[in-house]
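You will see two complexes here that share chain A, one where it goes with chain B and one where it goes with chain C.
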Partner chain A sequence: MNDLAFRLRDARATLSAVAVFVALFALYTLNHPAGFSANVVQTAANKGVLLAFVAVGQTFVVLTAGIDLSVGAVFILANCLASVVVTGSPGAVALGVAAVLGTGLACGLANGALVVYGRLQPIVATIASGAIYFGLALALRPEPGGDVDSTLADAVTGQLAFGVPASAVVLLAVMLLVWVPFRRSLIGRAVYAVGSAEASAYLSGLPIRRARLLAYASAGLFSAMGGLMLAFFTYSGEASASNASTYTLDSIAAIVIGGVSLFGGAGSAVGAVFGALIFRTINDLLFVFDLDPLWQPLFLGLVLLGAVSLGSARLLRLKNRLELFGS
Partner chain B sequence: MIEPPTAPAAAGRTPPLLALSGIAKRYGATRALDGVDLDLRAGRIHAVLGENGAGKSSLIKCMAGVVRPDSGTMALDGAPVRFADPAAAAAAGIVCVFQELSLVPDLSVADNILIADPPRRFGLVDRRAQRRRAEELLARAGAGDIHPLALVRDLPLSRRQLVEIAKALARGPRLLILDEATSALTARDVASVFRVLKDLRRDGLALVFISHRMGEIAELADECSVFRNGRNVATFPAGTRTDAQVVEMMIGRDEAHAYPPKPPPVPRDRPPVLEARRLGWAGRLHDISFALRPGEVVGLGGLDGQGQRELLLALFGVLRGLTGAVLVDGREAALGGPADAKAPRNGIALIPEDRKTEGLMLPMSVRENLSFASLDRVSRGGVVDRAAEARAVDAMVGLLAIKAADLDVPVASLSGGNQQKVVLAKWLMTRPRVVLLADPTRGIDVGTKADIYRLLRRLADDGAAVLLYSTDYAELIGCCDRVLVLYGGRVVRELEGTAITERALVSSALNMDGTEAA
Partner chain C sequence: MTVPTTPVAPAPASPPMSAPARRRFDPAVATAFGCIVALLLLGSLYSTRFLSPDYLLQQLQVGSFLALVATGLMVVVLLGQIDLSVPWIVTVGGMMATAAAGHGPLGAALAIPFGVLCGVAFGLFNGLGVAYLRVPSMIFTLGVDAVAQGLMVLKTGGSAPQDMATPLMRDLATGRALGPVPNAVWVWLLVGTATSFLLSRTTYGRAVYAVGNREAAAYLSGVRTRRVTLAAFALSGGLSALSGALLAGYSGKAYQGMGDGYLLPAIAAVVLGGTSILGGRGTYLGTTAGVILITLLQSILSVVQMPDAGRQVIYGAVILAMLLLYGRGAKIGA
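Up next is the complex of A and B:
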């Protein structure tokens, strides 16, 4: 095999997510009454970007073979906080944005500390912390409402030149600024190593505690970015319990579709972004094909099952049945 | 005979690079290292020999910072050192090529080789430079044909071992420890690794080489140390002792255990209860044939990891893609899994290797653990008959003298010996006709060991066939009527009756033909 073949192999899961998304989105716009227009793309991007941010956050944690069930709650907390603080003079708005992102980071760090230093199982630790974050969101915003600086909101949710959706550009910029350096840093490699083979990572002298902490902190930060975007779309905040749990579970579905292994150690946040976009597009497809809303969850479930089955095809090749119960 | 080494012998006067003195390490009741003294010098290859459990692995782990010794000192260039973790040892120049590989399967070869300290530009990994370094290091490790972008997951075991060596070289070691680094290699790869090691010796590295292959030690080593029961019993220049003398040192004189007397041998014409015909599996088992007759205790010997575990798993239906046939009562048995194996028509039981994860459900009660394998016998219409369960459980607790305050306490609260008795009892409740055991006395006190030996003999007397894998040679000698010695996934020797001696076991485990006559 030459270099290109190896590189293609590494990116196979991500590339297939991209291809599936392009196909589904083409199908969607072809059947949409308005066709492939700037407005259709803008709406789709705005909806997709929310889940994409949360899914990227989840990816960091799942790469370490953990899971974060508080991402939806952090997403909602950030949304509610934004509806309180991202308003007023330009200086106050900037401070508000920083406060929202800082809060998300702090929530993620707290999760990481529970898992790394408290030695709690990620699933339990983040269920508990998620409830706390949601409680804080409710205290901030008992009733839906609030106010968000509309100049900034319109700038990041509108269209740029040639009808390019601004929210997609924001997502792209964040990915370039965070994911690309992460993939090429020592700590990023440690995140993958911890999820792939923790004992090997330890024997190799990698910073495994710092890697875990960073993964959870990033999950909090990205979930908060998603919450902030939600505030920009709705100009308000709402402590919706159903939204919190939907985003948590959808983020897991999205990364699996995007080729991230729930066993840890394999996958990419780029794949997760396209997984999220695929997930949203399937919803939209059901809508343009005028499927009875009663059937939508069933259809979505079937698609998910199909995606997850592809991921576990490896197990069919195991020759020692005891290894089924290993990692 | 071992050839004298070609390296200069004057190195004995140079001060040691690393000096160990009085190093001790205990794991529970087991004394893994018991006051070890060892000097390692630059520009020398030091071979360490010893039986299974002699303390070689613990020694390496102490030097490489994986475990901390309980007492004793290590001095590097004359100054005392203590390593908190492998990273600290590596920073001091002590790097180990571990037997259980330390590679990350989902990362590429290049990522793995330079995992701890990749070349960086502006704080980020410089992939082009990393790849160049990886190619150089692979070439130096004699593995220039491995593509640096391949995933470690996709490489066969022997290639991974070479990647592991390249990775160790990347850390710029002063002392390189190789723990059976050649055991998974093909002959061609061994030759190239040897060239690498000789180059490193010329470059002034200190090397510690652990191997069970006498031929390799003769070719490479400058000094040899023999370990037994956690002690360094002898250090001598390579080539000054014969192979037979070295084996004698490895054996030593052990204290006798209380083994029950052996009955006269089972007649050869008694029909076997279980027969293996030409078993093969995934390159780890080759052409294994033997028969187990009722009333026999048969041992599996050989060095650790020669396919003994896989053979037991194969007979219990765990391995997929097994070739050859397993016959029970003369008829071919379809073993699709443990449920088939334990069904009354086959009546096979496996006492697994790791009682904590494979044998027991630790948080559940003693009673529940005992009845797990025979729930079908104590239930009617899918409902457990509590009274029948209690009767069966009480009978077993009595038979094996299990010491538990109460049968409803979690099995985790019992001592190691009593936990192992619970595992045995759990399987005896299924009334097996074939009992497979994977190293059942490891980490168990002497009293319980004797109980287990008596129990095995009694099972055989009652008409069961027992297949016992043990890493303890004394146990094989004391318990078994016959011993099959495995090497590289093949049965290389069958010893019977008085021919089962420690010398015969050790020499056939090392696959050294002809040593016995010497």
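Up next is the complex of A and C:
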């Protein structure tokens, strides 16, 4: 098999997520009363980018065959912290942004340390640490409110030349700066290797502990970016428990739609971004088709179940029953 | 014959304790019970009320709702799976039971069974997806949770249907028919004894542990592994729904989101009780300890009037501390 064909096959899940998104978004804008206008795109981008950041964070961890159930809490913590510190003089705003991102990174590193050095199961460790992060968010902002520097907020959430949504550009820039170098680095390969075969990765001398730590730290950092963006959209912070759990669960749904395997070792953050955008577009489709909003949760659930069940087609190709059970 | 037979294989790294001996003493369960005693002593420093039988029975009553959820979840976790559809199946149980109660005396009599049956139906659906379609349980049950939510929102949306609990539901949740022990605790005891028997004394229980350890090996030993998984999810759905029906009786009515606070504490209770989240290992006694531990922790934090923020932080920190104490995995390469 030549190089291009191999790469295409490797990126099949990501490419199909992109294709599905383009089709759904075309359907959405064609039926939207305002059509394919800059404002429609901007609103859609702003909603999608929030989940996309959290989903990319979740992707790093899931690639190592782990799971981070605290991403929603870190997202909310960053949102609340931003509503306190990202205000004042330009210098203070810059420091505030750095503090928010640093906090997210620290939360992620703490999760990573619990998993790597504490040897705890990621699912329970992050449930517990998520409770702590949410408690901190609640302490920062017992009542919704706060203030965010509006110049920066408007710049990040507005439109650039030709009506390009600024939030999408921010996402694109972060992906180019982080994901592309990550994917090509040794540690990036180690993250994939840990997820697909930990023992082999260990025996090959890959830095598996550092890879795990990095994955969890990135999850915290990206979730904090999402929380910061939320603060820019709402100009305030709110410690909402339901938002925290919704974003955690939606991030899992988004990455699965985007072709990331929950068993680890397969998928890409680009797929996760498009998975998040698909998830949000499905929501919006309901509105343009004038369905009763009461149908929304049922429709989303059915779409999610349908999407994940599609993968079961592989069962028809099994030649040996034992392959059902994995390793 | 002088020729030596094949050399004896080196002893496995795990301690050569016989199975019954291990069942008698599980360090995780012992530590969990130790933590319960420590919590109570710590609480009694604040107020002697924490050691009164009345307070303890009341805690058991509140804990019984969590216990029912955790019981079903534990069986699923023993298989190495997870059930994230708990929140809305609890709500389904409460809402369908109260809805059935709206259909005359026959409906009221069948309210609880009907609610449980609806939960079993959702559980079966979970099981079909996980066992037969082989979708990872974490994502499939998440989808089923959304579908259950969608159906309940559709059912209650707009109109205000009958949602009051029946007298029987109230009685089971809040009454004390036999002595000073609340009825809800008797339900817990009954379900707990049955589950304990199921897990340790029946073929099905053995199969659950076997599938949790290695499904392929269980399959080759003749276990119908897919049916085992299907039944476990059905059990989890039914018990969650039963908990929801009792919860509706406890608060007088069913409402949206009534099950939201049960998923994460249930997972924490199961794991703190020494059940491995990877499956195949754990005892029901441990889950009982985990439920009591979580319930006491929540209760003490609210009695000492800790603000919500501090409560969350301490709650998370205590769970982490206990996990670090005895829930750690094996070293890589060991």
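The definition used in the following text is that the second predicted complex is superposed on the first by the 310 of 327 C-alpha atoms of A that agree within 3 Å, B and C clash if a C-alpha of one lies under 4 Å from a C-alpha of the other, contacts with A are read in each partner's own complex, and residues count from 1 in each chain.
Note that in this section a residue touches a chain if its C-beta (ideal position, glycine included) is under 8 Å from a C-beta of that chain, and two chains touch if they have at least 3 such contacts.
Remember, it's a predicted structure, so these values are computed and weren't measured experimentally.
J.: A:262 contacts which: chain B (first), chain C (second), both, neither?
T.: second
J.: Could you look at A:322 and tell me whether it touches chain B, chain C, both or neither (first, second, both, neither)?
T.: Both partners.
J.: Identify the partner contact of A:211: answer first if only chain B is touched, second if only chain C is, both if each is, neither if none is.
T.: Touch partners of A:211: none, neither chain B nor chain C.
J.: If you stack the two complexes on chain A, which partner ends up touching A:219: first (chain B), second (chain C), both, or neither?
T.: neither
J.: For A:230, using the defined touch cut-off, is the partner it touches chain B, chain C, both, or neither? Pick first, second, both or neither.
T.: The answer is neither, since A:230 touches no partner chain.
J.: Who does A:202 touch here: chain B (first), chain C (second), both, or neither?
T.: It touches chain B and chain C both.
J.: One more residue to check, A:138. First (chain B), second (chain C), both or neither?
T.: In the superposed model, A:138 contacts chain C only, not chain B.
J.: If you stack the two complexes on chain A, which partner ends up touching A:304: first (chain B), second (chain C), both, or neither?
T.: second
J.: With both structures superposed, pick whichever of chain B and chain C touches the larger number of chain A residues.
T.: The partner that reaches more residues of chain A in the superposed model: C.
J.: Please identify the positions on chain A that touch both chain B and chain C, taking each partner from its own complex.
T.: 202, 321-322
J.: Could you pull out which chain A residues touch chain B in their complex?
T.: Going through chain A, the ones touching chain B are 1, 3, 6-7, 9-10, 181, 184-186, 189, 192-193, 195-197, 199-206, 265-266, 318-322.
J.: Could you list, by residue number, the parts of chain C that touch chain A in their complex?
T.: It comes out as residues 82, 84, 129, 133-136, 138-140, 142-151, 153-154, 157-158, 214-216, 219-220, 225, 260, 264, 267-268, 271, 277-278, 307-317, 319-320, 323-324, 327-333.
J.: Where on chain B does chain A make contact in their complex?
T.: 66, 85-87, 90, 98, 100-108, 111, 115-118, 120, 123-125, 127, 147, 149-151, 167, 281-282, 310, 313, 318-321, 337, 358
J.: Inside the complex, what are the residues of chain A that reach chain C?
T.: That would be residues 67, 114, 118-121, 123-125, 127-136, 138-139, 142, 198, 202, 208-209, 242, 245, 249, 252-253, 256, 262-263, 292, 294-302, 304-305, 308-309, 311-312, 315, 321-322, 324-326 of chain A.
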